[in-house]
Amino acid sequence: ENLKIGILFGFTGPIESLTPPMADGAELAMKEVSDSHLLRGGDTVTAVRGDSTCTDASAATAAAERLVTVDKIVALVGADCSGVTTAVLNNVAVPNNLLMISPSATSPALAADTDRGLFFRTAPSDARQGELLSKVLIDRGIKTAAVTYTNNDYGKGFADSFVAAYKAAGGKATLVIPHEDGKADYSAEVSALSVAGGETLVVLGYADQGGHGIIKASLDSGAFDSFAVGDGMHSEKLTADFGPGLKIFGTVPWTVGDGATKFAALAKAAGKKADSSFVRESYDAAALILLAIQKAGDPAKAAQHVMDVANGPGEKIYPGELAKALKILKDGGNVDYVGASDVQMIGTGESAGSYREFENKGGKFETVRMLTAE
Amino acid sequence: MTDLLNGLIHLTSMLVLPGLAYGSQLAFGALGVTLIFGVLRFSNFAHAEGMSLGTAVCILLTLWLQGKGIALGPLPTALIGMCLAVPVMALVFIGTDRALYQHFRRINARPEVFMIVSAGVMLIMNGAIRLIVGPDGREFEDGERFIVTAGGFRAWSGLAEPLVLKTSQAMTIGLALAVGFALFLFLNRTRSGRSMRAYADNRNLALLSGVDPDRIVRLTWVLVAVLSVTGGVLFGLDKGYRPFVYQQLLLPMFAAAVVGGLGSPLGAIAGSMIVAFSELALTFAWKKALGYLLPAAWAPEGLMQFLSTDYKFAISFLILVVVLLVRPAGLFGKPVK
Amino acid sequence: MNRRTTLLYAAMAAVLLSVALLQSWQLALTIVNLCLISAVMALGVNVQWGVAGMFNVGTMGSAAIGGLAVVLVSAPPVRAAWAAGGAGLLASAAILVLTAGVALAFWRWFGSRPLLRGGAVAAVLFSGFLLAQQWFLPATAAIEAVDAASAGYLGGLGLPVALSWLIGGVFAGLLAWPVGRLTAGLRSDYLAVATFGISEIVLAVVRNEEWLARGVKNVTGLPRPVPYESDLQSADGVQTLALWLGLPLRDLASILVKLAYTAWFLAVLGIIFWLLERLGRAPWGRMMRAIRDNEEAARAMGKDVARRHLQAFVLGSAIVGIGGAMLVTLDGQFTAGAYQPLRYTFLIWVMVIIGGAGNHRGAVYGAFLIWFVWVQAETAGLWLASAATALLAPGNPLRAAFEQSPAQLRYVVMGLILVFVMRFAPRGLIPEATPEHQK
Amino acid sequence: MGKNETPPDLLAVEDLCIAFGGLKAVDRMSMTIAKGRIAGLIGPNGAGKSTLFNLIAGYHRPDSGRVLLDGDDITGKPPHILFGRGVLRTFQIAREFSTLSVRENLMMVPAGQAGETFLGAWLRPARVRAQERALREKADEILEFLEITHVADLPAGSLSGGQKKLLELGRTMMAEPKIVFLDEVGAGVNRTLLYNIATAIRRLNRERGYTFCLVEHDMQFIAELCDDVTCMAEGRALARGSVADILSNERVIEAYLGRGRAAKGTGAA
Amino acid sequence: MSYLKAEALVGGYGGAMILNSCTIAVDRGRIAVIVGPNGAGKSTAMKAILGLLRLTSGRVLLDGRDITALPTQARISAGMAFVPQTDNVFPSLSVFENLQMGALLRRDPIGETLEEIFALFPILAEKRHQLAGQLSGGQRQQLAVGRALMTRPSVLLLDEPTAGVSPNVMDELFDRITRIAAQGLAVVMVEQNAAGALEIADTGFVLVQGANRFTGAGRDLLNDPDIRRSFLGGRK
């Protein structure tokens, strides 16, 4: 049998430069499973892509409707942005009893219990990452920082939790302002941030969107020379563009057992991009779906098993080991999927995961230490 | 004394230079908008896309040149690429005109029709850009990036505040002023320029005076190609090329052209500076500057911002609306009925 | 209705039907519902552009305000937020109203001395603004702190959602009134830039003022005027019907819900359409065409052009607002980040232009056609991409580019349609009926 | 008012001034138009006649001075208000509603049509229909009168220059005004037709009591119609009097008519 | 053979034919005047001569050469100048620039012609730096004629040059046209002020519904009571 899995990302719209690698990541997992011929009775898996546009709920709903009713997908990787994800969840997934795992929708509103247990995400929780990033700053002895975030629910949520934690730990956020992605000029934002001052600039945005522009404008005007960032900015493209000497550090979901490194190797072998935002989470989302299907046997019941395969107990599964996991599950065993982003589901389907503190060393992002929530 | 100097340097590097650079970048776009409006009588929604496409072409050519080992020393190689991209874009523009706008001119369509068609062209160009370079950003700056660096300036002056001047900024500011003035002279002092204005005014009568309409149209698009490629490339050098960021410039560009008076080149430059500086100055945090410039006792507590940067977009439009209400033809426009 | 119109509508119906049969009924109905909403918005734009000749490209703002109304009317109130900051907010509102009053009074008093007048009014406004902020900022901070993850705003009134459509229209109209007063006299290019800018400002407010509608954090779970699928699935009647029709229960429930929406939207569209047609055929329509032709002459013939423009502007905006409210209801959520000019202004404009500006039948048709293309372009793009690339060698970069982004073709397709229609049917597919047209 | 002539002044202009840049286009101009009269306004090109019309009809605001209608100050009132008060003007360069048919151009004129309001259009169809019927009849009469019935259903934009002028006049006939300002009705109109127009103007004046003020360069036309004539030059009144007086006034001949013409005696009826 | 000859012109704007076999001819040094009711097709005939209208049949000869197929531009460079009835100036150019535009195709110095025109229309000299859009109706008309004269044409086509022009200027203008024609120009003029125009005309054409009704010497037409009554507005 051939199972179809939907991929609903914003291939057009504001984050279109992020989505192709994300989709590639998800397809990487599907191909791995498909090639193993171990899924149920040797099923193959095909990906069907749809465009969520990231912003237009109506278009996303129509695309999802098409994936479900025409292409007959059995589960969905997606959507990407929180707004369209909610719309698709409520208007398509819930009425059709469809499992959805989003790699990047981080809005806390999605944790509400209207999802009938159908919705999960591999995206790291903004709230936790905010706390960890604040810890990183405090531990480095940085007591004042200016903060700018991308003006969407991800950036806003991240900034809220960071600032709260930072204040509680005795730090001072001199100024907290949003920046809009895709704008032409950020000098006004940067000059306000610079006047407010701070030892470092905390940029909670995307590496190839506004975050890039903010860093560029800061360097160009000499306003800041050190940057603290979150997962959206974890991209070595920054050092390629601004030179290997760029002073940048931050947090990113990472795995203790080097799942991220393994994923990087995997992606490289397949000729895909590994270090763009949310690529690892996308791989994990697709992998989780497939493992849950394997565990349930019936795709319609997969949603009930996502927690089991994600949180264990059982054998730890890293990227590239999906065949092994399928085999274990087939034999009635248990797995604890770790994946590329250290998947750990908490509460109503959020990923807790573990993080690493990274820092640029001569153009390469290197792990300073692993961070786990206390 | 050092306080005063620090204050001035701070203002220069955080307000004046970015304002001038941003204003000049807008000016290239606004000049193009104003020229198309002035001669061909429509507001070209595809203008930003044209700039982006021109830059994309330039980047491809620059990569090719760099591959051949050609460089300009301290100046970016893209300057050569830019010169090569101009004729390409001129052909693209003239081709578009032949395929579309010409027809609408012939049937004497209303200006709104042109605007709508240009919106269609915008989308098609958008697609073309995706095909050529994809949606990702690129850096293509080489040569000497800075004329004055922050560290260099601090070491030289011993002041706390840094001053930075980028090569691309300096080039943009200089070229914008030069090009604007040249355009003004061309339109007012030369036979071709006068023919262009006459053509804009009364097409039929221009024809009856012996103006070759096709030549005027071609000439206009060539000038537009020069303006948009230069502006697009300089902007890309300064901010890093991202194909769809130019769309965001469209609105401020139009605001600038309208504030200055559509059709007037000097107005376009003045309008661009007004838009750029008001955006920056009203959202500028004056705290530091005042701290340096005022006696210590008066140093302000808060950021001293008139408006948070969230609303910086609003400012150019507030200005726009006020200008339109007070002086509907713009600052440099001539009211004629 | 002439033959061409009938034929075009029949073709559209056939296309939608074939989607239902070849793809799925759910998809077809999803498309139809959006078509109906788009049609309402297109009618709004058509009143402004097609009828009054006003080049308003601020449609996005009206749609957003209409959507906002849904939140303010139908979302459940957040009492804790009201308790936290309601008083402060009201106080600052009162100060603003007072300021406006004083400013107006000064304006009257100093009528003869423009410099003094300007200065005094500016001073009053400025100090009033600063004073109001003293209450406003702490109040909003308090509101936003109330359960920030899921509330953090004032909430709505908890009224029936269909009522909010009307209110959405009223809100959009109320916003359009001052905007129209300011800009209605401008010529088309300027009006375009000004309205575009104002709609961006409206959106900036909606995005950044979290206490109002959660800003970029979105309001989800808005009530709907139709039953939930899950409730239908457990209803006896539906189960019997499903058996009788031989349809899976889940599909039937979903279809029924969509049909219920269709009925609502059709009713709204029908009423608006009827009112507009009536208006267009009456001397009002003739007067508006006269104004569109030559404002100055119309003025000399005793027509209050500014007022008529304002009338059309407000009416059109209100209709777009209704459409925006219906859209938010259908989505079940208010997403501030969703309002993009390309989707909410440009696309609607394309609908009007392609359908036939000035003709309400044309605008409705355009809405159906363009929304259909917009949604299906992705599928078509995929197909086109594979067809086009079949000719290219596998390693060809052009082929890679095509395969990478079939969704992108959506914009190109839209641009091509627009350009082609303008070129070969410049007055749209169903043109406005005027005395024999001249160039 | 104040003069003790028999017909009272319907319109009075007092010390009107307006300057464009440095140029004083109308410079302390005063004049009166008596009720029920046909007044002529002549003067060399650029004397300020059209500008004066624009000031009276509310298209410009005067820098100073007043315009009185029936003793009420109407200075600077916008055109649509003046229209309501019975002040109407035509344009020197015809301004038609080009996509409306010629008939519609006429039918749109009358004020206060029920169908021009939302409520009327939506709720009172019968009344609207009745009004429309009446308007149509009236329009057709006027078309016949102006000899342009054959183009009644064409878009007005495709009329010839002269036909547009006629249409302009036709519109004033739809409106039942108190006073009509005609800015060069004659320019570009066939003379045979022009004298028919003159007859029409006379009839409107006699039978319906319209007051006219007309600017015209055709002296024969002026001579035939006008009760009294004002000659403007450089923004102010140069002379005023009966047609014969004005045509033989030295200063008028000097500034306007030209020596040759005076010698030939053209225009003296 | 006349210098300019338009023979049996037939044509219109899309639908109905406006010109139904109309013929206009004029020689160098002569003035032809076209009169006729409004909408007769006088302006249309002018446009046809200039190539602004697609003809169904008929031909236009200039100096014996068939120019029917030439585009407008070529006819202009061949020495034809035209003053349209409406929209005959560049409103946002100054008066001086308008006149310069008239001389666009000339390569010789224009100072002398300029002086002549300023002498003919003193008001233009006075307002040389004003925008043409801000001129009064009559001033505009003078500028339009001035612009056409700047070209130094061999054929001058005037569509109602005196509409809205005050009597003294009108007399001057007719005078000047006579003198210009005498220098060897062929002049075709449409006029509603038939009395003045036919006075100086060598030939008069009465056009009705796109066809020639009467043709004759100017004075003869003027003195024919029938023609006077039906077309020229004469009363007595």
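Worth a mention:
Residue numbering begins at 1 within each chain, and the chains themselves are lettered A, B, C, D and E in the order written.
We take it that a contact is a pair of C-beta atoms (placed from the backbone, for glycine too) under 8 Å apart; a residue touches a chain by one contact, two chains touch by 3 or more.
Since the structure is predicted, the reported quantities are computational estimates derived from the model, not experimental observations.
Where touching is counted per the definition, the chains common to chain C and chain E are B, D.
Across A-C and A-B, it is A-C that has more C-beta pairs touching. Distance from the chain A centre to the chain E centre is 77 Å, each centre being the mean of its Cα atoms.
Computed centre separation for the pair chain B/chain E is 46 angstrom, with centres defined by C-alpha atoms.
Rounded to whole angstrom, the centroid-to-centroid distance between chain B and chain C, based on C-alpha atoms, equals 31 Å. Shared interface positions of chain A, defined as residues touching 2 or more other chains, are 16, 151, 178. Across the assembly, chain E contributes 13, 134 as residues in contact with two or more other chains.
Counting partner chains per residue, chain D has residues 158 touching two or more of them. Listing the residues of chain C that touch chain A in their complex gives 23-27, 30-31, 34, 37, 148-150, 207-208, 215-218, 220-221, 229-230, 250-251, 253-254, 257, 327, 330-333, 335, 337-340, 343, 374-375, 378-379, 404-405, 407-408, 410-411. Contact residues on chain B toward chain E in their complex (touch as defined above): 191, 194-195, 197-198, 200-202, 204-212, 334, 336-337. Chain D contributes residues 57, 59, 78-80, 83-84, 88-91, 95-101, 104-105, 107-109, 111, 113-118, 120-122, 125, 128, 131-132, 153-155, 157-158, 171, 175 to its touches with chain C in the complex.
Residues of chain C touching chain D in their complex: 275, 278-279, 282-284, 286-287, 289-290, 292-294, 296-305, 311, 315, 434-438.
Across the interface of their complex, chain C is touched by residues 11-13, 16, 20, 49-51, 53, 55-59, 61-63, 65-66, 68-70, 81-84, 86-87, 90-91, 94-97, 107-109, 112, 114, 151-153, 155-157, 160, 178 of chain A.
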